[in-house]
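Below is a structure I'd like to ask you about.
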Amino acid sequence: MPRDELDVMSEIKRNYILQKIRKDGIRADGRKLDEMRKVVIQTNFIPRASGSAVVTLGRTKVVCGIKIEAGEPFPDTPNQGVLTTNVELLPMAFPTFEAGPPSEDSIEIARVVDRGIRESKMIDLQKLVVEPAKQVWIVFIDIDVIDYDGNLIDACTIAAVSALATAVVPASTIGQKDFPLPITCRPASVTMLKIDNVVVVDPDLEEEQIASARLTVTMAEDGHLKAMQKGEPGFFTLEEIQKAIKTSSDVGSQIRNNYPK
Amino acid sequence: MPRDELDVMSEIKRNYILQKIRKDGIRADGRKLDEMRKVVIQTNFIPRASGSAVVTLGRTKVVCGIKIEAGEPFPDTPNQGVLTTNVELLPMAFPTFEAGPPSEDSIEIARVVDRGIRESKMIDLQKLVVEPAKQVWIVFIDIDVIDYDGNLIDACTIAAVSALATAVVPASTIGQKDFPLPITCRPASVTMLKIDNVVVVDPDLEEEQIASARLTVTMAEDGHLKAMQKGEPGFFTLEEIQKAIKTSSDVGSQIRNNYPK
Amino acid sequence: MPRDELDVMSEIKRNYILQKIRKDGIRADGRKLDEMRKVVIQTNFIPRASGSAVVTLGRTKVVCGIKIEAGEPFPDTPNQGVLTTNVELLPMAFPTFEAGPPSEDSIEIARVVDRGIRESKMIDLQKLVVEPAKQVWIVFIDIDVIDYDGNLIDACTIAAVSALATAVVPASTIGQKDFPLPITCRPASVTMLKIDNVVVVDPDLEEEQIASARLTVTMAEDGHLKAMQKGEPGFFTLEEIQKAIKTSSDVGSQIRNNYPK
Amino acid sequence: MGTASDKKLFDENGLRLDGRSPGDLRPIRIETDVLNRADGSAFIEWGGNKIQVAVYGPREAYPRHMQNINQAFVRARYNMAAFSVDERKRPGPDRRSMEISKVISEALQAAVMVELFPRAQIDVFIEVLQADAGTRIAGLTASAVALAAAGVPMRDLVVGCTAGKVDGKVVLDLSKEEDNFGQADLPVAVMPKSGKVVLMQMDGDLSIDEFNEATSMIFKATERINQIQRDALKKNYASTAQDWGE
Amino acid sequence: MGTASDKKLFDENGLRLDGRSPGDLRPIRIETDVLNRADGSAFIEWGGNKIQVAVYGPREAYPRHMQNINQAFVRARYNMAAFSVDERKRPGPDRRSMEISKVISEALQAAVMVELFPRAQIDVFIEVLQADAGTRIAGLTASAVALAAAGVPMRDLVVGCTAGKVDGKVVLDLSKEEDNFGQADLPVAVMPKSGKVVLMQMDGDLSIDEFNEATSMIFKATERINQIQRDALKKNYASTAQDWGE
Amino acid sequence: MGTASDKKLFDENGLRLDGRSPGDLRPIRIETDVLNRADGSAFIEWGGNKIQVAVYGPREAYPRHMQNINQAFVRARYNMAAFSVDERKRPGPDRRSMEISKVISEALQAAVMVELFPRAQIDVFIEVLQADAGTRIAGLTASAVALAAAGVPMRDLVVGCTAGKVDGKVVLDLSKEEDNFGQADLPVAVMPKSGKVVLMQMDGDLSIDEFNEATSMIFKATERINQIQRDALKKNYASTAQDWGE
């Protein structure tokens, strides 16, 4: 994850955050260790898209637009639609984000978000076939990050799931009837950071700057693991991971309560 | 527009140009404010192309080649041919021009030239259909800038219009008879620069280096505006623009007299 | 060819190499002027490829894999298969090799290797047609350079010829019977360097760093020239070239003896 | 300009498809300081356009050889979100967006007091989230507000508006369908205090009279749009004052 | 994970298509110092995977602004040869290989004593010559050996292994077909002395119990793989000692 | 080399399709100083080839790390205009033009007194406006003239010419059709005073005897071409002298 502009945070601030977590089990902004920031979801923000959502997670803000277009399936999966996920870390979101081809960071975020949606089988891709091997529906998930204050993976997952859950397949463009995108479940990713030996949920940027390791766990309603991703150069013990899975199950349910019905 | 190599012109030269314009209403090279440099047009310079022209405008020199090839129309315009314009600012033309993907400057020039030709409907694209929605003629206008001394927009427009006016559609390649590219009019662009509070026509490089704003007006024989482009970080008053339109109408007629019949 | 990391070789070493060649007609590693380094060829190293070879030439090491896939012919050669050659100078092979688009060096190597194979008509491309103008076999020669100590052109030619000589066309993928890639001859390239006024065969990296000019001559069993390439900013006299052709004929036969039967 | 078509763009009362008279603007709403990280920001809705703008700077120009020892330069980057248009757009700049970035940069450069910040650059990022005709002019209008909200000293705001020709009539602020099937498009931006024109592009077919009618419509409209800009900034200053008061 | 299919992946005796039991590894062979130019190298065969790794560094980080005044950074570049997969792959990085490069870099960064080399970078080049499921884990396992062979000081080696779910059963070290038609894939890498997890990715469907079963299989397997790593390095040290003896 | 074909490339009198004998050159015309901005320039027509060359430098090499403290380097860039060939060519370098740029750069490097300009670079831009077989050799021949016209000190000019094999016969200076349907192509460039070979490429099929016949034809032709080069430069010097006289 990007560092702040000078790649330094003052020692004082760093110590303050660490001490607060160590001594009080409380974070710099007053949250408990396993407490998410406030989530606000506004769907249908881009009426011209097939589905859309603006999500703020604390001071992080992302816009997701779904486009669904008729096209060719992949040769090895003639009987299912196509899903593709792209995340743009717009330069407007942070001083060191640059325009240009996707960075390693944006690719990792997009791929973790994509895996959570794909592996949970949230979208019933089998129902997106117009004519096998010839024409299927291609679902483009595009996410613009416009304000960055930490935890993009979860903000982007929330935005993508919310936009998909309200999306409509524009079948009228090929002479059929529009229909809601067939959805089977609502996955939620929960990203945790290890700071010192403490694991916190939904980190903000300052926490990302002092953390050693990151773990994202994505589950669906069935309580099964659908995707995981450890990031950053630190480590987790197996016990920490097992505890994190438990936490993510609880926090994921809270997130799911926020999703549009 | 590119500056000279050191991005500076001597104060002395700058003052000389400014004073001459202010006091005498005459430019450094002796021209009147609304006087073009000498235009020389040589068509059919590249016999293997469908049409071509070498144009010198003062010491600026460009080569335009037209290629016309059978291909697919755009899906939203199945009943017309395709027009595309590209300008290469070759590194041979100026010390700071670089090889590589088109710069902002070359894109702006190409797009302004393209709009003049497209919006005047110089080429009758409806007559370039072989089979609707399947096969049409694609007109590639490619312009090599090989010597740069200011006012590329007009030099490129003159070259493109001259090359198009003498172009032949190679219909024999698809078993039909070659025919002259169907032409309806001859647009002329006139580019003016604001230096101090004076507007001059057909600027050379030294004038470009001290000017504050640029205005290009493209008209056809009917005296209507077909394309306009204000450039550079300065401004024009509405009165200046209205006067510039008048000037461009007069100067455009002179340019049109130079075009190949 | 790339220089060493600091683009300098010690004067002492340089002089040692030069003197040894001048006085004794012997090279720094004890080889005679027209003596190749040890060649080791291991074919079928990548069983999943259609053909493959690992070649060590002294301490230079390259891996060649052949992929043969059904595809469309070029429009102007509807009755023959397609051949394409690519060389990757992997960053693992040398400190200054960089990842990214192919460098001038890698393009030159690939094109010289390609010409030797193509012009000797080693592969009978006419026998690689499935259906004229519709479907032919495309032969991809891809070479990974993994360890670099000079003379990549010959190492890559040896690897490519060896891999092709043992390659199988996977016709079973389109419902026909697999068959050996039809081979008509076995070209050998011989690369020579001019150091001072002496020409040496199969240069190592240190020799490349002090040489003035390079010449590659590719011949097949018929003793005819199939491809030549002079490189580097030095020169050859015509007499030197004629002598080099003679040398390459002899050395080429030795190389050919090493090829897999 | 657009493709010829039989599409009727006026009703029997001379009103446009969306009910507007020839000289009417679409609804415009500007909000400032909607982002936390940027030095200044503005969000504009203009008809169906939804455009987010953020400003960073003045900051040291990078790379170094871009630095001008006399003044700052304004670098606008106009970008369309993949989902902003009917058919999904591949991310990244195309030739159209590069040209628009250039003319917007030049227009803003004229208004910012660049001489106060030698060697600096001021970045203006314009993200079109939903496109509905007139995005360059809407993005530029919002950019001026975002610059002011960032505290960048300016000679004046910059206000943009478009006029065009539809079915032979000159109309203000083209809608998407009018843009697609109209006969001329004239985007203009001015510094409203002085009426100085800092952006002007045109394509299509306009007689001189039509041009004069169009510019006169635009100049009148820019006064109204400028008021919306100033109201947005006032609301912002008000809330800032409130913050201080707490 | 893979496509649903009717493909049987176990025989009547509960053995896998290649004859392995659920907890069996494929054959693994590691050889060190197989390249002359690199500072260290290793070649690994793991099932049908053939992967060449080379290490350069520690060397001064370039470009300069990447230098960290406190420590070195490890930059792994995972790349697939054009001929390494069934259908010829266009040369150059794709999104998958960029993600893999990132997670491998991070895993190695944890093991190398980066604090000893401020301002430096350590490059690890991983070339997949033949791919057969589990390339990231095999490449990472070989990378740790190549770093050690290059004399780069490390807290511990890094050992990777994958478990997955096939026909509802948890199995170790997925084969290519199991990867294509399986239900879950869980690549993990640990520092074997401490059991610290430095890489973990997962996709598919695993219950918590299955996850625990899978990680327990992996942890046991990493001990065996670590022994193969150490044997490879010992052989290398042995031959070095021999060289000295001559 | 070209595709096999039944095309007849000689008439009953042993003359080629364009009426030339085997040892004849196509018409060649060179003009110097045709551009104003460049430090030197030349335009060459050679058969149907039309090629514009411009020289800039010696100037400080950029980027810095390219500078050689002992000598200048010559960087030729061979480029084909989009309209120069039968089917429109996409702008930008391809693999063929990159290889040609390299061998031309090396050939010119041998002739320029590069040791006089440490840390400098000399740029030679070659734009093929119309291509008609032998463009590399024609471009190189014109480049030498442009360098001389720019006042760059040279040991000697560089002269290029091609020979080839057509219907089994060795011929000089292949035409486009001979290039397409011939059996061998041998472009060579020499420094004419010394006969030193600075460029040689070959593809197709040539026996040793045919090679010797071809090179002997080329060497003879380069004398004639060199005369054309010198005449072009003389005309230029003459007109320069005239300018001074005025």
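The letters A, B, C, D, E and F name the chains in turn, as written, and every chain counts its residues from 1.
Quick note on the criterion: a contact is a pair of C-beta atoms (placed from the backbone, for glycine too) under 8 Å apart; a residue touches a chain by one contact, two chains touch by 3 or more.
This is a predicted model, so every value here is computed, not measured.
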item	value
Distance in touch steps, counted as few as possible, from subunit A out to subunit B	2
Intersection of the contact lists for subunit E and subunit F	C
Mean-CA-position distance for subunit E and subunit D (Å)	52
Inter-centroid spacing, subunit E versus subunit B (mean Cα positions, whole Å)	58
Whole-Å gap separating subunit C and subunit E, where each centre is the average of the chain's CA atoms	32
Where subunit A and subunit C are represented by their mean Cα positions, the distance between them in whole Å	49
Set of subunit D residues in contact with two or more other chains	none
Touching two or more other chains - residue numbers and ranges from subunit A	102
Category of the chain touch graph - line, ring, star, complete, other	ring
Complete ring sequence of chains beginning with subunit B, oriented so that subunit F follows	B, F, C, E, A, D
Contacting residues of subunit D [partner subunit A, same complex]	35-38, 41, 48, 50, 52-54, 56, 59, 77, 79, 81-88, 91-93, 123, 125, 127, 129-130, 132
Residue ranges of subunit C in contact with subunit F within the complex	76-77, 102, 104, 107-108, 110-111, 115, 118-119, 215, 223-238, 241-242, 245
Residue numbers on subunit E that touch subunit A, as the complex places them	1, 3, 95-96, 98-99, 101-103, 105-107, 109-110, 184, 186, 191, 195-208, 211-212, 215, 219
List of subunit B residues in touch with subunit F within their complex	45-49, 52, 59, 61, 63, 65-67, 69, 86, 88, 90-95, 99-102, 140, 142, 144, 146-149
